[in-house]
Amino acid sequence: MTNAVLTTDERAPVVKKKEKVYVTTLKRLLKNKLAAIGIIIILLQIGMAIFAPIIATHDPIKQDLISSELPMFSEGHWLGTDNYGRDVWSRIVHGARISLLVGITAVSLGLIGGVTLGLLGGYYKKLDGIIMRVVDLLFSFPGILLAMLIIAVLGTSLVNVAIAISIWSIPTCARIVRGSVLSIKQKEYIMAMKSLGASDLRIMIRHILPNAFAPIIVFATMRMGTAILSTASLSYLGLGAQPPTPEWGAMIAQGQDYMWTSPHLTIVPGIAIMLTVFAFNVVGDGLRDALDPNMEIQ
Amino acid sequence: MQETLLEVNNLVTEFRTADGNVQAVRDVSFSIAKGETLCIVGESGCGKSITSLSVIGLLPSNGRIANGEVKYEGKPIHNLPYEQMRQMRGTKISMIFQEPMTALNPVLTVGYQLREPLILHHKIKKSEATKQGIELLKQVGIPYPEKRMNQYPHELSGGMRQRVMIAMALACHPGLLIADEPTTALDVTIQAQILDLINELKEKLNMGIMMVTHDMGVVAEVADRVMVMYAGKKVEEGPVAAIFDNPKHPYTIGLLNSVPNIDDPDFELEPIPGSLPSLHEQIHGCRFHPRCKFATDKCREIAPPEFTTKEEGHVVSCWLHEEVEEEVKHGHLVAQI
Amino acid sequence: MVTLSPKSEPKILLELKGVKKYFPIKGGILKRVQGNVKAVEDVSLQLYEGESLGVVGESGCGKSTLGRAILGLEELTAGKIRFRDEEIQDLKRKEKLKFVKEMQMIFQDPYASLNPRQRIGHALEEVFTMHTNMSAKEKRASVIDLLNEVGLKEEHFDRYPHEFSGGQRQRIGIARAIALNPSFVICDEAVSALDVSVQAQVLKLLKTLQEKYQLSYLFISHDLGVVRYFCDRVLVMYLGTTVELGTVKGLFADPLHPYTQALLSAIPRPSVHVNTKRIRLQGDLPNPANPPSGCPFHTRCPIAQDVCKVDKPAWQEYEIGHFAACHFAGTKI
Amino acid sequence: MIALIVRRAVQLVFLLLGISFLVFSSMYIAPGDPATMVGGATATESDLEAIRDNLGLNDPFLVQYGRYVKNAAQGDFGYSYQTKQAVSEAISIRFPNTLKLAIASMIVAIVIGIFAGLISALKHNSWLDVTSTTFALAGISIPNFWLGAILILVFAVNLGWFPVGGLSAPFYTVDGIKQLILPAITLGTGSAAMIARMARSSMLEVIKADYVRTARAKGVKERNVIWIHTLKNAMIPVITVIGLNFGFLLGGTIITEKVFAINGVGRLMIDAIAMRDFPMVQGSVLLVATLFVVVNLIVDIVYTFIDPRISYD
Amino acid sequence: ACGGGESASAPKESDGSASGDTASTETFTYASTSDVVGMSPILTNDSVSANITEHVYEKLFERNIETMEFEPQLAESYEIKDDNTWVIKLKEGIKFHDGTPFNAEAVKYTFDKLRDPATAAPRASLLEPVDTITVIDENTVEIKTKYPYGAFLASLSHSNAAIVSPTADQAQDLMKEPVGTGPFKFVSWTSGDQVELEANEEYWDGAPDLKKVVLKVVPEISTAISMLQAGEIQFIDNLPTEQIKRLEAMENINIEKKEGTPVYYLTFNHSREMNQDPEFREAVAAAIDRDAFVTKLNGLGVRSDSVVGPQVFGYDESADEAGTAYDVEAAKALVEKNGYGDKPIKLLTANRDNFILMAEIVQAQLTEAGFKVEIESMEWATFLDTARGGEYDITFLSWSNVTGDGSELLYPNFHSDNVGSSNRAQYSNPEFDELVVQSRTTIDQEERKAILDKANKVMIEDNAVVVMYHGIVTAAMDKAYSGLELDPNGKWTLKNVTGE
């Protein structure tokens, strides 16, 4: 025994079973109460989106002009009906599909653009100047105008709405990524990879990108919420989803006209959006903490 | 022997963590007299900093003193209300930290940070504080002190910053100076300057100094007495000469054998195998036994108490010394010094 | 290890001639270059096969820059680097790949030098992926061999860097450096971040490997004790320039340059009996962007004379293999 | 500092060139004919042709753009297709309103944001923190037009404390301030929430810093630890967010201006887009972009005051 | 320069009229969702600008809002010498606001300017039939037309045919500083914000009671309603259907409603092959339940199949039910029979006003009948372009007839001359064209009426368009005021409004 101990080399400081990083992250995330609530909300919404036809009590675009603008908790329509007599609950349920899809598409497109720009700008000093000027340009170009132009040029469709919103996220995302690339670039393990003869592409993709993940994920989750909200603003300006598509942003914008007579037409989708934004934001916050290695001890 | 300044008895410091409570300091006792330098040595993570933070009452928010007492000039201070403890800090006990880069506030001028404790504790006017501040900077050997007062920390070199830290800590003539690795971040030539300075000031002000370090060279240079810690426990304590010439604990011996001797070309390194256990690890018996080549079954089962040695003030926690030395109860140690 | 007698000429592995590395300082409205940080100023030296050359000096004196310049991680401002009789400083990345296998580096911070999101097994495999055509199986086998070589185990393969202790991480760094069987390894403060007990373990490992594979080391450190223990020769740098070079024995026994003397005397000795006369240097390291004229050390030198302010002392061999750059080399303070 | 300003000015010129080109080309590509918008629904083809000629819309794209740049370089930003008013004049009437609104919202955002962020950080993980976080997130997730309408309903119509809309009284009068309050809250809420979140995390970060421990070790009072040693440092990232948000505020006034009947640049821009009034669109976009750059410049300059480590010389 | 120092922040002041008759409380504010383009009748062609020009300028003739007859305004009388010659006598002693006299010279000047191609006036077409204008004497003009022009009086009573002061037009930009003979004088204009007028104390028909009138731009109608409720403004028009209930619940206002001239219809793109199939059009018409739709308008729509609306000259009651009746089963049968449901139909709509409402309901109804309809909504400018270019299958259009004359509706919107510009339906029917031309060139009004009715019926029988409803013009005014005159074309005049 004594001998065994002597020859045993150092032990790892924390003797734990090997656990994947994301499992650890998830565990930590779930310990954060707000984040756990957020995850539950998101899961519920995803469930709602997937099983929309089952959960919805009515056809979301079926009109019934006679029983229109029913208040909440009416018979057969527990969230009431809109001015066309469509069931608000069914529209909210189906709207989850569209809103989440638009959000995810917008954020993913924005990430692709932003991450690419940020990565290149941060890594190559020579490109940095140009890329950052492009980013500045996108930044200082009024977002709504950009959206209007894109939609004017490409036509009104949900995909184009998503594209427009995605472009809003590019400059912010690019800056965030560039910032982390600049700091990761200084890290010794990058120097180590260079000294081992790794190519730039390998360094960027295999070593820098994974380490810039934390801010990117946080950005993405937070942006999800804003993206869904942006569809509301665009719909308000008449640029969002095409009627009769049950999209939350469009619902709230349309309901605005009935705010005084049927407030539930804005409040219900408003709450749906609020919950989503809330959920994604707290999860984003939680992720930031969970991904922070310094939080290990606490 | 000078009168006792600080007395720490059976200190236990605990942290709340995600995996439950852990003890970073386990039942440590020691004392410091006026004008005396006690060095705490040990590997990284063995609890040196936490011991010193416990003394000054600045533990991280998830940490607390779970047991034991800290007495300053005979009065217990570990349970003082925040406000009273605050008033002690800077005046009675002050502290300098390892990283002079991060320990100074980057957005405040050197002058402001230096004046702050003076105005706070001595209730003097700003102009008067400035005068005293300049005086302090002179004392720690900073050239052009008037100019430095208006500069920001980043405009100073590392050595300079550490001197500012020291000047700040000494501003109100504290009785006890805690120095947590004050020179680790510095170059040897600068380190030598700083160590000289601390020694000089100690003499002049008759302070007690509690110096945390892991550099045996530094210990040899400044310490009057040495306390060796391992995994949160005190394993050996004694006068500096005794520790270097007649180390008793296998860990202390291991530490000394791990440092290349610059004056002895034929010196052979003898590393201690393994590494420090984590705080979560349950270890029965002596906490050092998994790395100890002399470990016996007893070591694996029962934690060794403190044994005195023939030399006065030299105590060691190791079963190997059981036969030769007689057991001392915790706490009696202080009285003997 | 290498005895430097003129008779048995050891083979030169690496030779630097007049190597300079300046970092431009940009400023002003148009971000023009306004000056240079002379991180490495005119360094020439030879490194023999199988030896350990220590490089010491205060922080910021250009040690790391010198190491990186040798590996080609920094573009040289001037000078030549010959490795096994080939000039390598101007090679393209592709052409350089074969030298990459020969020259490796171990970094100061064992944690920072490993990608925190890569299992160490994969990190090591990646080295083979980049430089060989091994099959996945072969790679794994080689990695496990490597792990054993540095005292780790197969079970460590799937762990992430944060699951290791500092010493273990440094072993992984070493494993990666020796993976391709290099002949020359630069250790940039490879043990400085480690606890003394662990430091001793790693130093032992490095020595074992050197014996086993006939490695040459460029051992950058600020700890003279470690250098004395580990190296055959020492190079002392100050503000980008070389001030003294000699065998460990010769230099420690008889330092020629006043800076070396001050450095040696400033080291705290881990013993209560040594009573060296301490030389205390005044002031701090000057700004490398604006180095003093003449001898760069004159601002802090206790024996500086007027010439030192004006003339740059020449790099001269005072004894066999013992070089120094000082107008008053050998004067004791 | 002067170097910084000059450099930014040079960059601004190129930025504006880029933006004007972008606007010009996208307007050119976008469907919708300015002539129809001038001529109205009944205009005949020959009417439209006459209008196009009159507006110079029949020239090749690059000629039109070149003319625009040339005139703009001489300070002539053209005339509205619709009202024939000089663009610079139209903008100068509206700009003060937008600026008032943006500044007032920023003040609201900063005051609420920093206060909420501070409370959250200082009472970390308490119910106060959770409440303030929840409110901040609610603030982010409420659409502007909705909040605006609710505020009007409650505070202007029902309680009558504030006017419903308009922004005509000078801002230094009581009326002027009353007019600003509701729009400023509407517009500032989102930014307040973002600032609060940034302030919170930045505070939490800074409060762990070594120098805060140093301050405590000196015996500094807790109040001063927060206000002097922590806050200034914590403000550095917050200022970035403030700067960015100010940019967004300038661009984001559109909806608030609409809801509160404020005669501002945002509305001018959106109306101009709707009416395909290209010179007006150009002018307002360029103004917003310029402001954005100026705000960023100010932020950068503010950095130098807060953080002595930053210098641009 | 920013005129109108009026504080908009005195919500309770203006209706708390007890506080006294200070000048500011006499301000009568009208909220408009958009700003005037300008204030020259010659150069503008939008209803907001017309709201101002109608009060600052006057026309030779005016249509009586009760009798729908054309009556002289600035004219004293007129005489039709022959089919092509009109001699108009002017009222005497009227002065423009700048003090210059109103006379025949001014009429000639105005009309010539309007006609001049160099002016590029958007409504030059109003006087397109005019050949020459001659000043006979100080107060008499003679106008010769190129061909007999039946709707001439209607043209002359159009707001764009208002008479401007020649002196002022030469001295200044009437777009910014208008000068006319009307009951109100221009005071100031803050573009984007408000236009301020004051009473013309020397008005020939007696000074108006309102001393100060302000047009305030409030882009959001619900904000305007809130302002009305809070007493910050006194008057709005064009009440949206969604807000009617809210307005009706408000106690401090009176709502005025009147059957009006606007017509809203679904049109086929007649240039598309699919739409040339009469059965297809019939199927669509039969599928649309217009009665159900009109109930959604909260009383703001009149149901009729007639294209020429009840308030428009040329209407005959018999047209009301001349269209294809709602019969979803018949529609289904036709869809079934001809496979109309196989191909998706693009329903283009502008995303404003009631268009979306129509689109959503009609889409649902068409879907019910078996059609496959996709809505494509667009913002206005794009919509106009797309519709003009004929890039749609079916769409909704509307027409608000300022002069209330059927020719003015049928010619621009459906005559084949105007395909590619204002005939967005791309409708082209020689028989119909012929009738429309006749209606324009006939002078005898009875005869015209018959012709228009015939043209109307042709369209209805053709199912060329499906009329959704005829608008009801609306306005809401503070109860403290009365005397509003609301025209079926949506215009109104404040000349006779009095406060309590």
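A few comments on the model shown:
We call the chains A, B, C, D and E, going by the order they appear; numbering starts again at 1 in every chain.
The criterion applied here is as follows: a contact is a pair of C-beta atoms (placed from the backbone, for glycine too) under 8 Å apart; a residue touches a chain by one contact, two chains touch by 3 or more.
According to UniProt, the chain labels map to these proteins: A = ABC transporter permease; B = ABC transporter ATP-binding protein; C = ATP-binding cassette domain-containing protein; D = Nickel import system permease protein NikB.
It should be emphasised that the depicted structure is a prediction, and the values quoted were computed from it without experimental measurement.
Between chain B and chain C, the least number of touching-chain steps is 1. Distance between Cα centroids is largest for the pairing of chain C with E.
The greatest centre-to-centre gap from chain B, using C-alpha centroids, is found for E. Chain pairs A-D and A-E differ in how many C-beta pairs are in contact, and the one with more is A-D.
Averaging C-alpha coordinates per chain places the centre of chain B 90 Å away from that of chain E. The distance from the centre of chain B to the centre of chain D, each centre being the mean of the chain's C-alpha atoms, comes to 54 Å. Chain D and chain E have Cα centroids lying 38 Å from one another.
Multi-chain contact residues of chain B, defined as those touching 2 or more other chains: 273, 275-276.
Within chain E, residues 222, 379, 382 each touch two or more of the remaining chains. Shown for chain A (ABC transporter permease) are the residues in touch with two or more other chains, namely 9-11, 13-14, 148, 152, 256, 259-260. By the touch criterion stated above, chain D contacts chain E in their complex at residues 30-33, 36-45, 47-48, 50-51, 54, 82-85, 89-90, 93-94, 149, 152-153, 156-157, 160, 162-169, 175-176, 178-179, 257-261, 263, 267-268, 271, 274-276. Of all residues in chain C, those touching chain B in their complex are 58-59, 165-168, 195-201, 203-204, 222, 224-226, 228-230, 248-249, 252, 262-264, 266-272, 274, 278, 280-281, 283-285. On the side of chain E, the complex with chain D involves touching residues 1-2, 4-12, 31, 34-35, 37-38, 43, 45-46, 117, 120, 122-125, 173, 175-176, 190-194, 216-220, 222-224, 226-227, 229-230, 232, 379-382, 384-386, 388, 412, 418, 420-422.
On chain C, the positions that touch chain A (ABC transporter permease) within their shared complex are 68, 71, 73, 93, 96-97, 100-101, 104-105, 107-109, 112-118, 126-127, 130-131, 151-153, 158-160, 162-165, 167-168, 173, 176, 198, 201. Chain A (ABC transporter permease) contributes residues 34, 133, 136-137, 139-145, 148-149, 152-153, 172, 225-226, 229, 232-233, 236-237, 252-253, 256, 259-260, 266, 270, 273-274, 276-278, 281-282, 285, 288 to its touches with chain D in the complex.
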